[in-house]
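I've put the structures underneath this note.
Same chain, two partners: chain A is paired with chain B first, then with chain C.
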Partner chain A sequence: MPNPPPGLSERDFTTALGRIEEVVGREWLFTSDEDVALYRDAYSPLWGEDQERFASAAVAPISVEEIQAIVRIANEYRLPLYPISTGRNLTYGGSAPVYSGSVVLDLKRMNRILEVNERDKTCLVEPGVSYFDMYRHLRTNGIRLWIDTADPGWGGLVGNSLDRGGGYTGMDFRDHFDAHCGMEVVLPTGELVRTGMGANPQSKTWQLFKYGMGPWVDGIFSQSNFGIVTKMGFWLMEEPEAALQVSVSVPRRRDVVRLVDVLHSLMCEHTIPSQTTVGSPVMNGSADPELVRLRTSGGAADADWDRYAQAQGRPFWNASFVYYGARKVIAAQWEHTKDRLAGIAGVQFRETASYTFPLSDEQVEAVPDKARLGIPSLNLFGSRNAPGATPSEGHLDFSPMIPPRGEELIALADVTGKIYGDLGLTPSFVGGLMFHARTMICFHAVPTYRNAADNRRTRQLFETLVRSCADNGWTIYRIHAHFQPLGMQMYGFNDGALHRLHETLKDAIDPNGIVSAGRYDIWPRHLRRDRA
Partner chain B sequence: MQTRRAFVQNGIAVAALAALPSARKAFAALPREALASFKVVYDRTFSEGAVFGAAAARRGAPVHAFGGDPGPLWMHVLEPELRKGPVTVAGLTSAPSLFCFELLARDYGLGVVYRIEHERIGGGFRHAVTGHPALASWQARLAGDESWAARAAELATAHPRTLAPERSIALLDLAERPGRAAESLFSWMLAPKNRIYPVGASFARESSKNREQSSLLQTTGSRAKLAPTNKLDERERSCRIHRRG
Partner chain C sequence: MSRHRRSELRSRFFLAIAIAHVATLPAAAQDAPFPIAAWSRTTAAPETTGSLEERGAAVFNNWCSACHSRGPQNAPGTTSLQFKYQGALPAALEDREDLTPELVALYVREGIATMPFLRKTELGDADLEALTAYLVKN
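Entry: the complex of A and B
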């Protein structure tokens, strides 16, 4: 028998687990070290240290009724639960609970695709449905709808959406929480709620209209611990006639200002439909000492950078994106894009891939950039096979949001490059990814290790990045479980009023504090004192 | 509690461990049905992978290649097979691809029987075995053998269903391999543990049934109503697909 969570007697813990076992059956309660170890955070920045977070046990229910029964038992004993869908978002904490000793509520068995409506272009799924499952289902049944997949694609639609993950296709689909429509939630009391139009049992529009009537509450179930989502609807993208993937490169460092202004404008006028990535072939180069010097200087002059880029024979910036739709329309959009960008001296345009749908299996296999066509893959891991690929190891995603402006991208690269340099590290860079309509996210992969000394340095780097970026107005939008208290500190307006509101809601919705204690630094009342 | 750090050191001491009969001999005795729930996979972007795959195919194993990205192979071959029942999988891949297979397969109750790291050193390879003690002799057998990838395929196809996963082997550690992961290849075997996991054996049967129901095309115009109560509606037991009108 595993050790009980803090504050729970061994007797109560054993009794609670015994009653849970009666609900789910012996085979679906996991208490051995070997089984529980499967829920360890594979990329933990605290690996092997006292503060590393562990589950005490795990349980895998198959139905809403089983979840309700487990929740009611948990309330009786104040047993902390930590629901996961697929639990594979390793760079943000994987399936390890925020509060050590929690029992992982593993929802992978609930993996039914309940509905796909080709006419309405919607689906309704359970939390264990992965992007692989959904893609395979659509393809097997010849349904010409696309998912928008996270990358890597082994995650799940519900979990990624609730953590506000993003993808690569059309504007209506790649903000995964924004693309959901209606949910079903087991509240911490065990009561079952359907949101939006789903609150009318006769409704024909649960997956069509988000708001229903009254306050729209769906948002409180994302990045939170106010309930266990058991069903979620999503909008799916109609397969287009064609797609054209293109790239635009510009030669000088300061060209990025005009480049991003125009690209953002084209996105806002719906000429460019896809996620747009702005990267730097120069700054993403190898660990050349001159490059490291420029990157860590905290603000090298444009002229120095441009000389370096010229010597390397590379354009300074490169943007890539995709058009989806009818061929004639795509041709017009691409021409219009070129017209708008033609004023940048030295700009170059390239068509990198062209597709007509549907694709054969062989054509799908050959697509190099699968996520941009809604095809889930593990290509991010495959790309690590190349010699010198980075990251080659575990890592955390550091994800600051910046305005869609080139000068902000330059400033962020300068600030973060100096932070890396000051700590004796080679900077990780930096591309601006326009997942959302009005921001760019600039991911850094911060490596984690299996030894405390290197991980201490990683944690110092990560904390410095978070604080420095917040000071510059570049707040992170999502963060690894260990750093969630730090992340919420950055949202401290009016002495942390937003955080107090979160915990006020927690007290009202989950008075015994049984669901995901500590997630996004929202603690139940009885654990708050320990955290102060 | 869960503080156990279950790592098996590379390079099990050869002398201390017993060796199996030669792979060639063992394979000759292997009944054909023993390979029924067995898959061999390899990454064709490595020349060693192609050698491994060809050798395994010559020995009658069902072989599947992938091109750097293990996702499609998992999605279209391994996961559908695992949903039907237990499968033993052996392969030759990079460390990141093996990491993916281990992490995905453990939800179906598969564990590591062995891993052999084939680390590129200069113009050659150094081999280190982690796993079932009975396999330790392979470290010496592969050393200095230019055809090591074919020998690794012999090992994989010789014992696909005779060895159980080693309980002490944790998920492959990518974190301690900066600069090394890209240089090493791994031959490995994952086999079913005597335990059901979240999407494991008994669920696999149920899921397979659901998938069959899901494939039944429903063309009714209006959408069936979902349960207004906490009780799941029977109509939710299978997926509805509504075709455009």
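Entry: the complex of A and C
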């Protein structure tokens, strides 16, 4: 029998697990060390250290009724539960609980695609449905609708949406929480709630109209611990006639100001429909000593950078995006884009891929940039990228959000580059990704390891990046479980009023504090003293 | 296993899923007060009526091929192993002659490098047995 969660007697823990086993059956309650170890955070920045978060057990229900029964038992014993959907939120904490000793409520078995409505272009799914599952379902059944997938296709629609992840296709779809429409939630008391129009059992518009009547509460179930989402509706994108992937490059460092201004304007007027990535072939080039010096200087002059770029023979910035729709419309959008950007001296335009749908299986296999067509893959998850390379072991996503302005992107590169340099490290990727309508996210991966010494350095780097970026107004939008208290500190207006509101809601909705204690630093009342 | 055979197994797997999509609703879903036009339950153990090896092929397609197909496209795991072995061993797991049940179990349950371990709700012990039958040649 595993160790009980803190504060729970061994007798109560054993009794509670015994009753849970009666609900789900012996096969789906995991208590052995080797089974529970499968719920560790595979990319943990605390791997093997005392602070690493561990589950005490895991349970995998198959139905809403089983979840309700488990939640009621948990309330009786104040047994902490930690729900996961596909459990693949790697880089942000994976399947490990925030509060050590919690029992993981693994919803992977609840993997039904309950409805795909081709006419309305919507779906309703359970938490265990992965992007691969959904893509396979649509393709196998000849349904000409697209999902918008996160980079790793092993994630799921529900979990990624609830952590407010993103993808690459149309504006209505790539902000995954914004693309949802309607939820079913088991509250921490065990009561079942449907949001929006789903609160009318006869409703024909649950997946069509988000708000229903009264306060729209869906947002409180994202990045939180106020309930266990058991169904979620999503809007799906109609397969277009065609797609054209293009790139635009500009030669000088300061050109990014005009480039981003125009791209943002084109996105706001709906000429560019897709996520747009602005990266630097120069700053992300091979790390020679001169590049490292420029990157870590904290603000090298534009003239120095431009001389370096010219010597490298590379354009300083490159933007990549996709048009979806009828061929005639795409041609007009592309021409209009070129007209708008023509004023930048030395700008170059390139068509990188063109598609007519539907694609054959062979064509799908051959698409290099799959997520931009809503095709799930794991193509970004290789360990080695060269012969003899040391394999990577994991990473955290560092994801500050900036205004869509080129000068902010330059400033962020200067600030983060200096942080890396001061710690004796080579700076990471520089780029701005316009997932959302009015911001850029400047993702980069911070490596994690299976040894404490390297992870200590990673944690120091990550914390410095978070604080420095927040000081500059570039707050992160999502963060690994270990750093959630730090992340919430950056949202500290009026002595942490927002955080106090979160915990006020927690007390009202989850009085026994049984669901995901500590997630996004929201703690139940009885654990707040320990945290301090 | 020939490419043709593998392709046939993949087709069968998709066919099994397609059949599942139109199957009768389970009792648990029938209380839903909204129309359910389609449903699927892609089980942790893909159900095929074939041999253990054929079921292992379905498990491989479901859980491993997104990284470990023969590639080089869409196979980051194969690419990584190509860099690791540099020709000393085949990079694609389906071409390996030296895999043992212990090795397959080790990587599935403990992971390696960026490959995370798989939980039993994803790839259960019966799936692991089938996968082993598919990948272990000797």
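Convention: the second predicted complex is superposed on the first by the 520 of 532 C-alpha atoms of A that agree within 3 Å, B and C clash if a C-alpha of one lies under 4 Å from a C-alpha of the other, contacts with A are read in each partner's own complex, and residues count from 1 in each chain.
Simple rule for what comes next: a residue touches a chain if its C-beta (ideal position, glycine included) is under 8 Å from a C-beta of that chain, and two chains touch if they have at least 3 such contacts.
This structure is a prediction, so every number in the text was calculated from the model and none was measured.
K.L.:
Should the superposition on chain A be reported as showing a clash between chain B and chain C, or a fit?
P.N.:
clash
K.L.:
Touch test for A:D106: chain B only (first), chain C only (second), both, or neither?
P.N.:
A:D106: touches chain B and chain C.
K.L.:
First (chain B), second (chain C), both or neither: which does A:D414 touch?
P.N.:
It touches nothing on chain B or chain C.
K.L.:
According to the stated criteria, A:D12 is in contact with first (chain B), second (chain C), both, or neither; which is it?
P.N.:
Neither partner.
K.L.:
Quick check for you: in the superposed arrangement, does A:N117 touch first (chain B), second (chain C), both or neither?
P.N.:
Both partners, chain B and chain C.
K.L.:
So in the superposed three-chain picture, is A:D261 touching just chain B, just chain C, both, or none of them (first/second/both/neither)?
P.N.:
It touches nothing on chain B or chain C.
K.L.:
Quick one: classify A:P2 as touching chain B (first), chain C (second), both or neither.
P.N.:
It touches chain B, and chain C stays clear.
K.L.:
For A:S95 in the superposed arrangement: first (chain B), second (chain C), both or neither?
P.N.:
The answer is second: A:S95 touches chain C but not chain B.
K.L.:
Considering only the stretches 8-16, 98-106 or 134-142 of chain B, report the one that runs into chain C.
P.N.:
That would be 98-106, the one stretch with clashes.
K.L.:
Using the superposition described at the top, list the residues of chain A that contact chain B and also contact chain C.
P.N.:
Common to the two interfaces on chain A: residues 28, 34-35, 37-38, 40, 42-43, 60, 62-65, 88, 106, 108-109, 111-117, 128, 132, 136-137, 140-141, 153-154, 198, 201-202, 206, 365, 370, 376-379, 381-389, 392-394.
K.L.:
Mind listing the chain C positions that touch chain A in their complex?
P.N.:
That would be residues 14, 17-18, 21, 28-29, 32-42, 44, 66-67, 73-74, 76-77, 79-80, 83-84, 86, 109, 111-122 of chain C.
K.L.:
If you look only at chain B, which of its residues touch chain A in the complex?
P.N.:
Within the complex, chain B contacts chain A at residues 1-6, 43, 45, 67-72, 74-76, 79-80, 94, 96-97, 99-100, 103-104, 106-107, 167, 170-171, 173-183, 195-199, 202-203, 207, 210, 214-215, 217, 222-223, 225-228, 230-232, 236-237, 239-245.
K.L.:
What does chain A use to touch chain B in their complex?
P.N.:
2-3, 27-28, 33-38, 40, 42-43, 47-48, 54-56, 60, 62-65, 68, 88, 106, 108-109, 111-120, 128, 132, 135-137, 140-141, 143, 152-154, 192, 198, 201-202, 204, 206, 364-365, 370, 376-379, 381-389, 392-394, 447-451
K.L.:
Where on chain A does chain C make contact in their complex?
P.N.:
The contact residues of chain A facing chain C are 28, 30, 34-35, 37-40, 42-43, 58, 60, 62-65, 87-88, 90, 94-95, 106, 108-109, 111-117, 124, 128, 132-133, 136-137, 140-141, 153-154, 198, 201-203, 206, 365-366, 368, 370, 376-389, 391-394.
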